[in-house]
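Here is the structure we will look at, set down as structure tokens.
Letters A, B, C and D name the chains as they come in the text, with residue numbers starting at 1 for each one.
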């Protein structure tokens, strides 16, 4: 089980491949469910040039670890990989990766979705958008 | 939108990467949801050595295309990739890959799950397992 | 002429994968009629699925000349 | 001594990211009390979240010496 906070751009597919190759789970997992969140060049009708992703170092790791523990108590999961970017992010760069390995598809799907929703709701990250107009705007929830 | 029926082993992560690189969607997609089904070396309590995946050539493509059309009518999707193996498959080899790109995560998650469930329910594939005891057993639904 | 196809375990049970049927009075022949034309009294098991020209249909669907009819057990892909 | 941290847009509003508070009578001081100790009458907006030692808590949670209290707007990661 790995949780990575990453301050430079990452390649989600090589991250997953490398992680999976290192698992001693050949023949044991039947289902892998993956979500990747990627930075768009638009938001709320405005063009976005870049984004600064701030987080609460320490609390992020603590909250993500708690989410993983809860997820494991709800579904039979073989392994997890979570990667989240911080720092300056450009359009088309990945922001978040959640990957879940399990024997059966329902568990993989449910756990991946649950983790992403929990991460969106509780992991202490904040996005500051740099708009094409050069204004900065904090992303806010409604 | 690509649907591939593949009679040799495929590498899911390089398939996705190659497909995504060719999309003219940089900065447009914010969410990618992926499911990979992989062959296990056990099923229903028995060790499995290999599997022969038979399909109804033509009907498979027709049904998968219909599923994709229905999915597009239900959610705002930017692109799809579906790859399914046929022929002899060994444990730890991928069987199926479904990947969905969209602007927002709910659409990506829902569409990917829906496509997988539809594929399991309606795509004309049949699995013949070769057990460790050298017996052949058709996988059956309950 | 209509083409009849069998898949999965049913193909083994029947012992054939493809066959054709040429009959003069094809009118109002259903999928189930086609089954019995080529399989006699052998019962079409409850769980067997039926397709006409690669779309799922019920057993009472009418078959026309040139059609492809398929019989197969529940699918197990993915 | 307790550590107080601000994040996101609140950090800009407050104009500080971290500060410490050393007081003698810490007993029964709540998260909300800590806010007003360092921010006076400035209101703690309804939507601001509060954490104690990196776990979410309510504003009425009691703070002890050595604790880290954090105030921040709704999170927007992922």
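Following the convention adopted for this analysis, a residue touches a chain if its C-beta (ideal position, glycine included) is under 8 Å from a C-beta of that chain, and two chains touch if they have at least 3 such contacts.
What you are looking at is a predicted structure, and each value in this text was computed from that prediction instead of being measured.
Peer 1: What chains touch subunit B and also subunit C?
Peer 2: none
Peer 1: What whole-Å value do you get for the distance between subunit C and subunit D if each is reduced to the mean of its CA atoms?
Peer 2: About 72 Å separates the centre of subunit C from that of subunit D.
Peer 1: What whole-number Å value describes the gap between the mean CA coordinates of subunit A and subunit D?
Peer 2: 27
Peer 1: Quick one: subunit A and subunit C, Cα centre-to-centre, how many Å?
Peer 2: 48
Peer 1: Mind pulling the residue numbers of subunit B that touch at least two other chains?
Peer 2: Residues 37, 105, 116, 120 of subunit B touch two or more partner chains.
Peer 1: So which stretches of subunit C touch two or more other chains?
Peer 2: Residues 78.
Peer 1: Once the touch criterion is applied, which pairs of chains come out as touching?
Peer 2: A-B, A-D, B-C
Peer 1: Under the definition above, what is the set of subunit B residues touching subunit A in their complex?
Peer 2: 13-14, 16-17, 26-42, 91-92, 103, 105, 108-109, 113, 116, 120
Peer 1: Quick one: which bits of subunit D touch subunit A in the complex? Just the residue numbers, please.
Peer 2: Where subunit D meets subunit A, its residues are 5, 7-9, 51, 54-56, 70, 72-78.
Peer 1: Please output the residues of subunit B touching subunit C within their complex, sorted ascending.
Peer 2: Residues of subunit B touching subunit C: 37, 53-56, 58-59, 62-63, 84, 95-96, 116, 119-128, 138-141.
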